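Note that chain A is present in both complexes that follow, paired respectively with chain B and with chain C.
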Partner chain A sequence: MRRSTVIFIAALAVFVAVITVMAGAGMISTSFVKTLGMTLCLCLAAVAMDLVWGYAGILSLGHMAFFALGGYMIGMWLMYARTEAIVIEALSGQPLPATPEEIRQGIGNQIFGVIGTSDIPWVWGFAHSLPLQLLLVVLVPGVLAGLFAWLAFRSRVTGVYLSILTQAGTLALALHLFQNDSGLRGNNGLSGLQNLPGVSASQDATSLWLFWASALALAAGYLLAAWVVGGKFGSVIRAIRDDEQRVRFLGYPVEGFKLFVFTLTAVIAAIAGALYYPQAGIINPAEMMPIASIYLAVWVAIGGRGRLYGAVIGAAVVSLLSSWFTGGRAPSIPLGFYTIDWVDWWQVLLGLVFVLVTLLAPRGIGGLFK
Partner chain B sequence: MSALLEVRGISVSFDGFRAINNLSFAIGAAELRAVIGPNGAGKTTFMDIVTGKTRPDSGDVIFGDPPRSLLRMTEAQIARAGVGRKFQRPTVFEDQTVGANLMMALRAPRNPFAVLRFRATDGHHARVVELAAEVGLADHLHRIAGELSHGQKQWLEIGMLLAQEPRLLLVDEPAAGMTLAEREHTTTLLTRLAQTRAVVVVEHDMEFVRRLDCRVTVLHEGAVLAEGSLDHVTADRQVIDVYLGRG
Partner chain C sequence: MMRFLLLALVLALPAHAQDAAAVLDTYRDQVERPSRTTIAPVIEALATSGDPAAATVLAAWADRRLAVMDDGTFVIMDGDALSDLAGQPVEGEAQPLRPNAGVRGLIASALVPFQLTDPDPAARGAARDAIARNPAPEHLPAIRGALARAADPSLSRLERLLTLRFDPDPAARVAAIESFGADQSMDLRAALNPLLATTRVATLGPPEGNVAREIPVSELGREGAYDLLVSAGLAPARLTRDAAQAALVANIADGQVAGIAVASLNTQAARDDAYSALEAAGTVPPAATEDEVDAALDSATFADVYAEPNADVTDAARAALNGIATRVGAMQAADLALDALSLASIYFLAAIGLAITFGVMRVINMAHGEFIMMGAYTGYAVQQVVPDYTLSLVVALPLAFLVTFAAGVALERLVIRHLYKRPLETLLATFGVSIMLQQLAKNIFGTQARPLTAPDWLSGSLVINDLVQVSMIRVAIFVLALLFLGLYLFIMRRTRLGLEVRAVQQNPTMAASMGISPGRINMLAFGLGSGIAGIAGVAIGLFAQVTSELGQQYIVQSFMTVVVGGVGSIFGTLAGAALIGFLQKGIEWLNPSNTLAAQTYMILFIIIFIQFRPRGIIALKGRAAGD
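Up next, the complex of A and B:
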């Protein structure tokens, strides 16, 4: 194993231990634990982005769509199972036991009343079952990514054209989900996801569980990515990034490699999303808009492409700074004639940093460690 | 002599321009051949067709034993069937070490899952060392390829081609930009290679072709103008008119 991998895993373990102790002692709030857990999920998405872009050279501007899809898939079960419990509870007071049909209708009313219907759409067919819905967390983004990659790479769409295509696909998916008849509650999205069905533990406890799960997923994803890029496979995908035609003449089926990496990273992003949204509590189609994927690329660029720890550092630093600046906690700067309010100016600052990093430190923050 | 590669009457046009015009060409299993011709004679297009980068409008390309048509195969499949190509500009993976470049080229299963499971054995490492020695890069195995000199990159690329164990090697202007000493080394490499496989060298430089001391095919306007020893073709009236005369 490479030294950087060992250091990363050790640092992550120490971080998790420290946060666990601090949370247990009441030194940090539950909402801060959630923020940290969500940040770990974003770091995992950044590892996926680094694999597909930093190593294989495919600038996808749609990987956060897979992240959000993972969130939707787990969110459907969370919302269905919890609503089911509430409906059964509410109907239990009646003299006659509620029929399955009545329960179904109750669930439909509860979840879809907001978009003016009580019919449960077909896409919720597996929502009653956690194992099936967990399978969909992997399958839906995986199949979608595989299909997209097969069509795009087979036609040898590369470079900026591929980026535009991923962005257009992401936008189309988001716009589709904004519609009520997408079956996923349109712009209302899914909510109440922080309540784990059948779990009576407090949010203090569940937020720590999800934080641990996120850390575990990040560690596993990091180890997997390190293993993938460590051997000859990593050599081949970096070669594809630098000169794919030459790799073809070496006899490697370039399209197969790109498809594999694109699909694998989409699944990693989806798993990250499935852990993120129970901590965020709510998901809606705005989360899927291309801007989210562009941010992901910016984090990886700032952190350092082609270095897994660089991607993690970039995602952690920039996303935490971002929530600090946009959360209204950053002090405004009065200039006399104008006041710089960071809620509005943070994006300008981020854009400036991105340009400076690209020009002055193309290897990003991670590059400074070497 | 049975041919390893046989090109039968291929033609290809780009926007009405006939780059290759009913070209036929054959090369034996262990032969060195130089292909010369003025700019635009179709030398590079010829290589593109054999390696699958360009599809001809008509004709056929037959390769190997048993003979198979290359026209329905992808670039990667053709490469796996045993056709290696060296580009004019040395194209090695500059970001990676000499050893990694050679290891990537080494003959082994090429599909993503096999590559993912691949673990280099002592045999693989020994072969990489051997190849590096063969092309004169034994002391540079752990260097990043981007740091090598122009000539060293050319040799690394030849080493990578050797690692592929091709039965036919297409080499585009190997002497371009090389010093005299580097040229000599390259000549030795190519003639030695041709003892065990077919080597086609596309070259501009007459003096270098003379060093190779092999059969020469002259291309002009996408077709074969003359074929034979260098002395034979350079004495040909037509060749002098279209090519050497412009000198």
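Up next, the complex of A and C:
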């Protein structure tokens, strides 16, 4: 195992321990624990992005769509199971015990009343079962990514064309989910996801659990990615990044390698999303608009491509800074004639930093460690 | 007593023997304190009195200019001047009558027949419109009377429209329907449609009346058909789920219903069993069984029956409407094609700048959409300074070009120049520029949408008929798109700059050794593409809302247009824009309620399309294809 991997895992373990102690002592708020947990999930998505872009050279502008899809899949179970409990509770006051049809009807009314129907769409067919829905967290983004990648790679769509195509595909998916008849509540999205069904523990406790789960997932994802890029496989995908034609002529099935990396990273992103949204509490199709995926690429680029820890640093630093600046907590800078209010100017600064990093420091922040 | 007799005598007299004053006198009470419910006979008597002044009196009354003098004489006020009903001036004091809005509405409709013969064409037109809005059988004699006096084509058309609905003679109605021939206007359809109104009936014998068609039970479904029978009173209502549940709840005793534990009633089958048990015990009335339902459905007939009793009329109306539907379909197809054409022009306009920067130079500029946005905001800013909309447009178009040309040159010099060898990083760097520009626009112009108002001559529509019309802005965008196509072809094929751009694109080293400066050419070409985006922004701003996100709405479609069309070929871009525009409108037409779905399916189509033509519709071959 490489030294950087060991250092990273150790640092993550220390970080988790410190946060756990501080949260236990009441030194940091529940919402901050959630923010940190969500940041860890974003870091995991960034690791996936680094794997597909930094190592395999495929600039996907759609990985946040898989992230959001993972969130949707787990969100369906969270919402269904919680609503089911509420409906059963409400119906238990009636003189006759509720029939399964009545319970279904009640759930349909609760969840889909907001889009003017009470029928449960077919896509919710597995929502009653946690194991099935967990399987879908992996399967839906995996199959979708595999299908897309197979179509795109076999017709030799590469480079910026592929980026545009992933962006268009992401836009199509987001627009599809914005419709009410997509079956996922249109632009209302899914909400109330922070309440874990069947768990009576307080938000303080559950947020810490989800934080641990996110840290665990990040550690596992990082180790997996490090293992994948460490061996011969890693050498091949780096070669594909550097000169695809030459690798093809050497006899490697380039399309197969790319397909595998694309699908694997989509699944990692989906798992990150499935952990992120229970902490965020709400998901809607705006989360998967192409802009989110472009930001993911921005984080990885600022952190440093081709280094897994670079991606993690980029995602953590930029997303935490973003929420600090746009949250209105950053102090304004009075210039006398004009006051720079960071809520308005953070995006400008970010854009500028991004241009400068691309131009002057293509290795990103992670490059400084080298 | 004497007076009462006299009143009776007056009432009995034929109406035309009276003059307006006498009528008003007769109904003095109702006239002075009118109410909507009692005034109708008075208006009727006045309108049919035959007095030439009747129309004037009615009009004055509706205008609240009819007044009563102290001695009870009715007079008409005109400002301060008074005149009697025949128009002779009189002296004295008078109190005007104040009929309420309902009464005035009734008077106004009584006035319509008079207005039809008004010497003033505008008044005649207003009367025609009033009838067309609210046709009634009473209007028919008035229109025919007016027609008998003077021929008037639009009045004759109105007469036929009323004839086909209200004439008592079916033959006349059929003739009126057929007289319209190939006419397909809205008012004709509005007149014909009520003739074909049907009601769905259930009968035990054969259905009566003008039957449109009989409906098999399979089409209605068992539930629906039986509900019809129930609402026609031909069958007893079935037991609903709620009623059955209420019956069960009412019969709970000691935690049991008919000997079945309540706790086990958690499925519908168990509840049905419990209800059957109650039935057997005689506690609840028996519900209709499936066999009874079948028997009732077998013996009944279901049909749609026209409200119009005469079959000839409905046949003629249906034939006319079918003919209209065919022609309307053709018109709608034409309208859809025009819509698609204008959408294609918009995409082409948004993409033509990209055809240079992306298509020729292979630079992927994510800030292209923001250049469109900058152009639109330039137009808005110019309108703040130059109030005349036409003049401001004339100023804004070149200014938008200059602003975005400068921005493009700056972007090329400062950023893109360093990244020609790293195309993916160009994408990211220009994305950084894009979010900067968006946020700057937000900081400067605010988040709310800014209007870019089109001059009057652009705000109307080009109306071809009831169904086919195009707004002038879309025509202008089409023309602009054509102009730019011509401009692009001219620059790229007929000028030195175009020659050098093509040379640098094909082989920069060779071009450089021929004395062309690749840096300068790249800068100029990039500026040109950006400048065209700025002009497109002004055009798009005229019909869309100008916000900082304006460019985002077009960027994906623009790239798709160029990629689908074939990178590097302007005719490919044209074909791509046409394909995407027509496709999107076509899908919208199949599913009109949902433009989001249209975009989704369009993008999916493009992803699949690229499978078959990875290099686009028009693929460059040979050395020009690059890579």
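The criterion applied here is as follows: the second predicted complex is superposed on the first by the 369 of 370 C-alpha atoms of A that agree within 3 Å, B and C clash if a C-alpha of one lies under 4 Å from a C-alpha of the other, contacts with A are read in each partner's own complex, and residues count from 1 in each chain.
The rule is short, and it goes like this: contacts are C-beta pairs under 8 Å (C-beta built on N, C-alpha and C of every residue); 3 or more make two chains touch, one makes a residue touch a chain.
In this text the structure is predicted, and so the values were computed from the model without any measurement.
With both structures placed on the common chain, the touch criterion links A:Phe260 to chain B but leaves chain C unconnected. In the superposition on chain A, A:Ser235 makes contact with chain B only, while chain C stays out of contact range.
Contact comparison for chain A: of chain B and chain C, C touches the greater number of residues. In the superposition on chain A, A:Ile294 makes contact with chain C only, not with chain B.
By the touch criterion defined above, A:Pro331 lies against neither chain B nor chain C after alignment on the C-alpha atoms of chain A. By the touch criterion defined above, A:Pro362 lies against chain C but remains apart from chain B after alignment on the C-alpha atoms of chain A. Touch criterion not met for A:Gly93: it reaches neither chain B nor chain C.
Those residues of chain B whose C-beta lies close enough to touch chain A in the complex are 51, 53, 74-77, 79-80, 84-85, 87, 91, 93-96, 100, 103-105, 110-112, 115-116, 118-120, 160, 164. For chain A in complex with chain C, the touching residues are 57, 59, 95-101, 148, 151-152, 154-157, 159-161, 163-165, 167-169, 171-173, 175-176, 178-179, 181, 290-291, 294, 297-298, 301, 344-348, 350-355, 358-359, 362.
Those residues of chain C that touch chain A in the complex are listed here as 245, 248-249, 252, 262-268, 271, 364, 366, 415, 418-419, 422-425, 427-429, 431-440, 442-443, 552, 556, 559-560, 563, 594, 596-597, 599-600, 603-604, 606-608, 610-612, 614.
Residues 228, 231-233, 235-236, 238-239, 242-243, 245-246, 248-254, 256-257, 260 of chain A are the ones that touch chain B when the two sit in their complex.
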